[in-house]
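The structures come next, written out as structure tokens.
Heads up, the next two complexes both have chain A, just with different partners, chain B and then chain C.
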Partner chain A sequence: MSTINLNGTAHHPRNQSTATVAYLSFARSIMLIARREFRDALSSKWFLLYTIAFTTLAIGVSFMSLAGSGEHGFAGFGKTAAGLLNLIMLVVPLMALTAGAGTIAGERERGTLLYLLAQPLSRTELLLGKYVGLAIALICSLCIGFGLSAGLLAWRAGGVGAGSFLMLVVFTSVLALSMLALGVLISVQSRRAGVATGIALFVWLGLVFLSDLGLMAGTLLFKLRVQEVFALAIINPLQAFKMNVIINLNASLDVLGPVGMYASQEYGATLPWLLTGVIVLWCVLPLSIATLIFRKRGGI
Partner chain B sequence: MRLPVISILATLMLTVPCAAGAPASEIQRLIDEATPGSVIEPSPGIYEGSLRITKSITLDGQGKVTIDAGGEGSVIEIAAEHVTLRGLIITGSDKSVSGESAGIKANTGPVTIENNRITDVYFGIDLKQSPGSIIRNNTIIGKELELGRRGDGIRLWWSHACIIEHNTILNSRDMVFWYSEDLMIQNNAVRESRYGLHFMYSHNTTVRENHLTGNSVGIYLMYSNSIHLLENQIDNNRGTSGYGIGLKDCDDIKVVSNLLAANRVGIYIDNSPSSADSTGLIHANKIAFNEVGLLATPNTHDNTIYDNGFIENEEQVSVHGGGQLFLNQFAGPDRGNFWSDYNGFDRDHDGLGEFAYEPRSLFRTMLAREPNLRLFVHSPAQQAIELTARAFPELDPDPMLSDPKPLVLPPRFELDTIEAGPGGFRMGILSIGLILSSLFVMIRLTVEREISAHPGAPRHD
Partner chain C sequence: MIEARHVTKKFKRVRAVDDLSFDLQAGGSLALWGSNGAGKTTLIRCLLGVFPAKGTIRLNGIDVSKKGKHARAMIGYVPQELAFHDDAKLGSAIRFFAKLRRVDVRQAAQSLALVGLSGHESKRVRDLSGGMKQRLALAIALIADPPIIVLDEPTSNLDSSGRGEVVDTLLRLRKQGKTMIFASHRPDEVITLADQVLVMEQGRLVQQTTPEVLWPSRSSIRSLRLFIEQGDEHHAAEILREGGFAVNHANIGLTVAIEQHRKAEPMNHLAARGIIVRDFELLRDVQQDDEPEHPVRTEPMSEVLR
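After this line comes the complex of A and B, so read on.
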């Protein structure tokens, strides 16, 4: 859209305004769907459940880790950070994958998808609108959980600084966006919400446990070199997320042993960008593929 | 003792303050003309050049005299006994590695160096064969060079019975003691340097209440015997070595009542004690929030380790390269250590757990075999492995140590607690900001407004 806009600027003012209108209409359609999706999410059980679960767990982890640290101001890499990290890696992908998986497949199962597609909307607009709406709902849910646990940390003066904590929220949101995209990809391919959720759970298991365990086994069996372990590990967006968080808290990956030290020395300041790139790729690729599939497949 | 004549003379001679700086030769002439034992107080100002002190005098700048060598050689060289340097600002030595220039260099002693500020120097204070010297209340800031290229903040070489106290050192390599015995080292602070305190072949010394933070290593003892480390605060030493305290081939070391926090490794024991008939004592230390609380080589033996609090270290104890530590006692006569990950209970309320602390972790055992696996710490997969090991006991590895009398409550520490950073307020703002902004978005997106829908907008109500 914007390229048309740029090309038309010099000679065809009329053309330009048409392009702008088209772009605005595109954005507005997406926002309308997003708003509807967001409202549905807020009134649905999953949003409430996820928000309560994530908030309770985040506060619980912060509280338990603070109980150990007592009056001391610092906590090294810290049980708070490590505990939150573990929690996020378990819960956030689960939230995002299942939320994404339910969206199109659910509407398809209930028959409401055909009604939506009958509206003067393109399929791309519908899909992206749903994605944006869910993304805002998820990030709100995360922010409430993080906000309350930040409140607890502030009250008890934990070891994590406010800047690092904010970055943790940002990284987690980006991770949630990529997992949501993956969930949406699962959803456009499924006819039933139950099947989509099942696949989402399997993908979650794979990303959280199986790929790491497999890579560990590979490292032990084949005596992989550090660069090989690193390259294989960062394919997994969860590992990339974890490294990004640790760099942010610790300035170096020395916590992660030889592989971490290799990564820090080899890539230096570009490492966070590399890792963020991996996660963003995990967001853009599934969403693009989902859009292509949805445009072809539509309501069925 | 004070010779007013000299002072008056000095004042008379140097009353003309020069903005650009007077030559240091003016002070040099005062020194050359002074009788031994006299006190020289140059008038305030900046003096350019270097000094060489060849007789027993006191040079007192009262904090207002700057001597700037302009990047050539050492700033002050002492070649006489009983020299006192006080209240001087000393700056601008040479930075070449081969020259080993220093802010203050002495080749004989004793000398007293106190209340000086020494900046932009290669070495700070460099004493050779200066027994009985006192280095007190100086601030030393090294040149901005990479860690390995810097000089030492304070170096003692064959200088016994010195007192080094209340000094602050920044940006240097080490505060290092070579072949120097019976020292008293207390209340110094070393930050952003390589080794906070570094002992080489230096015996019989007490190191008390020093604060070592943000260095590569806090205290590193090498080939040095009978050293007592008492009540030091050692935190955030996370460099390539990253030890709070490192003990290499040292006999009869006592590590008592120190705080070791947020280092990469709290205490690293490398073959200490090394002699057959000597022992080591690690008692009443608080070892908290380090990556590894205690790291030891497998040949470590005859250390008695008790009454310490091992609190929330990512890994409480680790054996370098794998193995066990059963040649050391993790308990004193009547009590062991506090371990924050001990999950036993105290039925008879004697303060001791009813069964031994024997850490075993399948993941740690795998780590000792394949260090690359450390990449997977802090991940759910690590938890999955530990859970598997607990579910199938035949997979559970042997424990690496046994503390038969673990404490159920952390021991009390007499150390000052470290103040919580000022992060609380900002964290509070962040908390409120996150919650409010998500509430705002929720309300903004859910409350129905007049939507000026363009023709393509769907209606849904």
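After this line comes the complex of A and C, so read on.
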């Protein structure tokens, strides 16, 4: 355990190297901020609203999955996962982007950012702490929705396909983390929470709707080759997520047309890793850029 | 203890702090005196390492720009108004800062007791009065017993009773040997708490002096607030300064430090130059009740600063 004394020097057991002490202090500060952020998120209206909305929709989709085949009741895990895909692609980025966008900009607007920065805390610790806290809150929110849905499915339809459903939860969590990182980047750059939320909504619109339209228009206008269309498609983390989930459900990517066929043939078994890598990159890059900007720019 | 050399902070083309240097020994108390926009708050934020600045600021030899986290561990900061999550309870808020400063949470209770907030732990921050919020900010600042206390106009939003409480606490801290830097618009506070004054104007250091030099008749100094048409305030402040008055252009009106028996002079001075004073009020000073009432010789500020 390290402590900082009044002279600003660190006391620590002799057998711990300075680097270890610095790392422990870094990790401890992040966890402290994360705990506070998590508690704040749990008591906030957005968390409650999104959790209720996501849970209701997830259970609704589970119930409706068999409606198309003329039956009533709950479908199995596999069909529900497929049914949930479009819902996740709409709701989860919205949840994560807006939550991330409000974090630093909100503190800045309330005047609490200055007070936190005046404490013995580095900017990196503050930013990462807030990210970790929000990430845990978001994943908890998703797990409540998925968990209740899974509980009902297990009760009414048995446990077949539970593995795919579990993987869907994992992929969704990674997608949420990437969108949260993008939201934090927006937040770092915004002076007001309202502006940050507005930009986040615009980015959401772009990722969910406009990028597909843009890709279609680009394909027609520039007569893009299939490999170029694939490359452009997977730049969008939502498309990468969609393809990954389809592969995970043991479905053929052929449903996505020539691009899907090309991806299956060209990348084979490495495709899920490539797609996962793209989404992870969408976590790491925005968060790293946000940290750099927050540190370099200084001020409040 | 505190060593600032050629500190300069620019916001685009505006130099908020311009080539400012000063020293403050351990146990000393330094007041930052100047109008709104003089650069007091910016200087405080540079001292905290919140604003990156040119030049060097060292606290006990630690460079704030390079080891901001360690430097801030030596500072207890009290803002103009406590900005903390309104929903947070006082007890949990102070425990959070105790953990952040790596001190035993039991010290949180001691710190609250020191500022007279024991028993209020379950109250939410939003339910605290202005004075209580400032005392909470003081409790948070003192939680790790830091050697340096930095305060940014800590009493500007308080009524006279709240102001008295805060100033009394700060006096006790001074007696304990804390090093203190504070910004204030009130001469009575500067006289009571400071042994050095940095007079600032438009980011520049006009003079590093003492309250005795600025206000020789310190026992009868009063703070007079003048209300002038908004567009004329800046011009009026300039006229008063040229006339040798110590004036601050604060958020509400102009605050003029004036001897007890010369209270009409600033108004007459402005009237002679065509500036109409709409209204005025005499601010209640921190130690007003204890002060002797006797006339003293005074000098215009321009002569004092010469």
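FYI, the second predicted complex is superposed on the first by the 258 of 300 C-alpha atoms of A that agree within 3 Å, B and C clash if a C-alpha of one lies under 4 Å from a C-alpha of the other, contacts with A are read in each partner's own complex, and residues count from 1 in each chain.
Everything below uses one rule, namely that a contact is a pair of C-beta atoms (placed from the backbone, for glycine too) under 8 Å apart; a residue touches a chain by one contact, two chains touch by 3 or more.
Model, not experiment: these values are computed from the prediction.
When both complexes are overlaid on chain A, the residue A:Arg110 reaches chain C alone and has no touch with chain B. Once the two complexes are laid over each other on the shared chain, residue contacts for A:Glu266 go to neither chain B nor chain C.
After overlaying the two complexes on the shared chain, residue contacts for A:Leu32 are found with chain B and with chain C alike.
In the superposition on chain A, A:Leu121 makes contact with both chain B and chain C.
Of the two partner chains placed by the overlay, only chain B lies in contact with A:Asp254; chain C stays clear of it.
When chain B and chain C are set side by side, the one touching more residues of chain A is B.
Once the two complexes are laid over each other on the shared chain, residue contacts for A:Ile136 go to chain B alone; chain C is not touched. Overlap of the chain B and chain C contact sets on chain A: residues 29, 32, 36, 119-121. Only residues 45, 48, 50-52, 59-60, 62, 67-75, 77, 79, 81-85, 87, 96-97, 99-102, 144-147 of chain C touch chain A when the two sit together in their complex.
Considering their complex, residues 2-4, 6-10, 29, 32, 36, 40, 43, 110-112, 114-115, 117-122, 298-300 of chain A touch chain C.
Across the interface of their complex, chain B is touched by residues 24-25, 28-29, 32-33, 35-36, 38-39, 42, 65, 68-69, 71-79, 82, 85-86, 89-90, 116, 119-121, 136, 139-141, 143-144, 146-148, 150-151, 153-155, 157-163, 165-166, 169, 208-209, 212-213, 215-216, 219-220, 223-224, 226, 229-230, 233, 238-239, 242, 246, 252, 254-260 of chain A. Of all residues in chain B, only 235-236, 238, 242, 261-264, 288-291, 311-314, 340, 366-367, 369-381, 383-385, 417-421, 423-435, 437-438, 441-442, 445-446, 451, 453-458, 460 touch chain A in the complex they form.
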